[in-house]
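Note that the chains are named A, B, C and D in the order they appear, and that numbering of residues resets to 1 at the start of each chain.
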Amino acid sequence: MAKSDFEYVKQFEREMPALPNVWLVIRLDGRGFHKFTDDHDFAKPNDLRALRLADACAQHVMKQHPDVCISYGQSDEYSFVLRPECNLFQRRPMKLATTFAALFASSYTFYWDRYMNSIEEPTHDPDDFDHTKPVAIRSQDDTKYVPLQYPPAFDGRVVEYPDVRTLRDYLSWRQADCHINNLYNTVFWTLVQDGGLSPQAAEQDLCGTLSGDKNEILFSKFGINYNNLEPRYRKGSILIQGTREVIVPERDRSGNDTGRTKTRTKPVIQVLHTDLIREDFWREHPTILGD
Amino acid sequence: MAKSDFEYVKQFEREMPALPNVWLVIRLDGRGFHKFTDDHDFAKPNDLRALRLADACAQHVMKQHPDVCISYGQSDEYSFVLRPECNLFQRRPMKLATTFAALFASSYTFYWDRYMNSIEEPTHDPDDFDHTKPVAIRSQDDTKYVPLQYPPAFDGRVVEYPDVRTLRDYLSWRQADCHINNLYNTVFWTLVQDGGLSPQAAEQDLCGTLSGDKNEILFSKFGINYNNLEPRYRKGSILIQGTREVIVPERDRSGNDTGRTKTRTKPVIQVLHTDLIREDFWREHPTILGD
Amino acid sequence: MAKSDFEYVKQFEREMPALPNVWLVIRLDGRGFHKFTDDHDFAKPNDLRALRLADACAQHVMKQHPDVCISYGQSDEYSFVLRPECNLFQRRPMKLATTFAALFASSYTFYWDRYMNSIEEPTHDPDDFDHTKPVAIRSQDDTKYVPLQYPPAFDGRVVEYPDVRTLRDYLSWRQADCHINNLYNTVFWTLVQDGGLSPQAAEQDLCGTLSGDKNEILFSKFGINYNNLEPRYRKGSILIQGTREVIVPERDRSGNDTGRTKTRTKPVIQVLHTDLIREDFWREHPTILGD
Amino acid sequence: MAKSDFEYVKQFEREMPALPNVWLVIRLDGRGFHKFTDDHDFAKPNDLRALRLADACAQHVMKQHPDVCISYGQSDEYSFVLRPECNLFQRRPMKLATTFAALFASSYTFYWDRYMNSIEEPTHDPDDFDHTKPVAIRSQDDTKYVPLQYPPAFDGRVVEYPDVRTLRDYLSWRQADCHINNLYNTVFWTLVQDGGLSPQAAEQDLCGTLSGDKNEILFSKFGINYNNLEPRYRKGSILIQGTREVIVPERDRSGNDTGRTKTRTKPVIQVLHTDLIREDFWREHPTILGD
């Protein structure tokens, strides 16, 4: 199409593609979610509905971009992993990060009511987020109704990891972060909500404590065994490309229903809340990072 | 807070800040809007509701980030300009582009119904998008109801312009692009919708024509004077920081309503659909780029 | 020419060109010149021969690359300025910096004897470094003979400056650095060499002193007026593209010497040791940065 | 030391460090060596003296920077490899490339006479370039004396390779390039020098020929078996860190010569002209890239 004299300004655009043959991680993180979670009355320390919402958004991103081989989410963040040979957006970091951040943010808004305001109680069951299945949404008069008050934002970045070792250490880093924060937050809010401490007193009690001390407080004072708490909260969410057998109506050559059924293998995105730091996880799922 | 052995992976994060003292432009563009506009039955060549929605999103971005001194939007794109001295996100291009893209995309989703499904007919009047003012939304049974079918995505980029000349040429480039595309699309769809031509025939008719030819076709065949068409379509949308006098209730020292009123200057974001290529615009609005 | 299966590794090469339309500065700096100047018995605080050698190298660089509009040198460093419209090496920072660093370093080695071991005493006269004019070099037995003991290295960088203001401030920064260091070094070595102080004592004497104090010590204790010292030492070297009238033999159409002479304008590189911080310099040399 | 108001310009300096944990290659290449080799009458297609000079320069670079684990040189280029864990110059690409380019260029100038103008005939023997051993240099009147006419320049770049596979493919790429060019040049110059063809005729003869054809021409027309030609020309130069047993005078505790000798292991840089494309090379030298 026709051009103008001003086109020269296009030359000021510069971008370096990512290095070929390295793992790419796109990490998104909620902007000012300290305030956002307050404004929307998120349960403390973990809001099940909100975590499932984030998982649903990540799943949507992975469906749009099947190049993502594994994702990991916790708190207000989500990381998406692309293989070394992946050529999505010609590996342009800006394109990748902005598109993923935008898609995640609009999904968060789009699916808000389905997850935050569903009448059905949220469950911990991993599911495959079938968004086409209609759900009943609370009425706006319902006292439990939490309207989305303003559009959320996420920042994004692309990080290059040269080998499986560093890539796995990246994921371990995020899961260790989840563990550390969740243990702290769990004890903190238990002390406040069940122990009747003021936030200041709880903070002071925890100051300088190690993991073992925190487990001990939970167990001795509140009879809570941290390791029995919800895996989702302790481990975050791991999303991987998987398959599932589904039963579908059989059709004949003309496309007419035969009245019989057959099983078909459907791609689904699996949601796991297991430990990915230990070797076992990768042995059990060799195809995620393997060839 | 405590750390893990995996923290070393943080060192793989690298980002170069933008050059100091240059103008920064963040341009967002809808991902695959050819399909998106089809899927959502956008009016051709211009959908007034959708353009007003995009303007509203840009306005929301500018309210969140008052550092933006001027924005320009057309088609499925929006550009935001930051001054040379602006230090938003320490001028980190990734942060700027991802946050803006995410915020725009979630706003687009958030405000979809208000603009696409408002019962009131959309107007061309520039307004200040008072999103707190409730509007009546069509019922889902209404044949005119256009549900958002999936979350939209936008890509983003940051471009550095060293001086006012190149910055203005950038904006002129986008407005010239708006003009060129809109003239083409207007003639094309007039030939198809009013002239009864097939899209192929219309395309062939327009092949090789210059601006003058297109104006001539519109005028001689359809009695349309292109220059009289909606400025919004021909010029796109310019958003600038402005002020407006508003009448507010007067309060005494104790905060009680006195029963009288007073005028107050309120910051508003002005929406213009004028020519910014010519000198006049910048003479009339010297503060946008000036000190 | 034919290719191999290994060519794919070329794709790992990445480079971002410099921003268009900004000033580029290439600054080179001697690697470990603290040791290098010691190893080669440089006069303290300023070695006239070595400074003239550096100027000669810079001049050589400017002759090879006439795109350089001004250079500035002091101590073990040299800066070369390219105009915003310059397209040398397509503005690739790596190419620019490595080529300039390599050329300067090999010139330093190449011209070492001519400047460090010339029999003629070095002068402060700016000259145009006519390297084709043979000079007499000291014999290796001469006690004043300073052989180059090992090849010197220089690091290099490219910095982008968006306007004349920042570019001039860059040059002012380097000249101010020259002044500050030279004043300090001059007093320090005067205290040591003429005042009989130990280096430690001299350092202590100077600790916390301001410019005025240092001028005062020089004047009251040693009768030295700092402002009368060599401009070259106080101001560093400014190299600009200039011209000079030269008298050349006249030739007739067949190229035969007519026996008469004529004047011709020859491009030369001028060497100045003046203040470039003040406005005057730029008023007197409007073409350096002007159009 | 004191600062000036102009220091803010330092903020315009930007550099991204190389990715951690990847192999770094610094490749240098002679600037305009087509002309340089002409100007200095290099033997065609290979000038033994010049190739040994380049090897000597690379060796000097490796002695200064023992972090370099292997270098490879051919024609007017040299590549230096740094291990993934190397932290030289904090892995700053600009520092690495400029310093290496400068050091190589000044070494080339510094060692020019020793290699290009040595009275002793150059040999193909790999040696350890003991530059402290004096050599007899030709007199300037000697018709074989080749003075260095101007300082040479080299460009440089840093390339990141994420694993041993790509790093080895990089080196294979350069050696394959050496082979392809050398085979071509050898046949070309044999046709011209021994076959009496004009350069144009030789070029035409070779147009479209494959490797096998070129070998055949050499053998059938000139009785030359390409594979028997000098390995240095066919394979280029590989430099690796090695050791050598040397016999040194023994000294007693007081440092006095005892009159006896002893053997000591001395680090040397080995120069090889072997095939590095095949597995064998890496099996024979497991420590180069291994841990």
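Assume contacts are C-beta pairs under 8 Å (C-beta built on N, C-alpha and C of every residue); 3 or more make two chains touch, one makes a residue touch a chain.
Fair warning: this is a prediction, and the values are worked out from it, not measured in the lab.
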item	value
A-D or A-C, whichever has more C-beta pairs in contact	A-D
Centre distance in Å when chain C and chain D are each reduced to the mean of their C-alpha atoms	30
Inter-centroid spacing, chain C versus chain A (mean Cα positions, whole Å)	57
Centre distance in Å when chain A and chain D are each reduced to the mean of their C-alpha atoms	51
Overlap residues in chain C, where contacts from two or more other chains coincide	12, 15, 19, 21, 160, 166
Chain contact graph, described as a line, ring, star, complete graph or other shape	complete
Footprint of chain B on chain D - complex, ascending	11-12, 14-17, 19-21
Residues of chain D that touch chain C when the two form their complex	1-2, 4, 6-10, 12-13, 15, 28, 31, 60, 64, 93-95, 97-99, 101-111, 148, 150-161, 166, 169-170, 172-173, 176-177, 180-181, 184, 211
Chain A residues within the chain D interface of the complex	19, 21-22, 84, 160, 162-163, 166
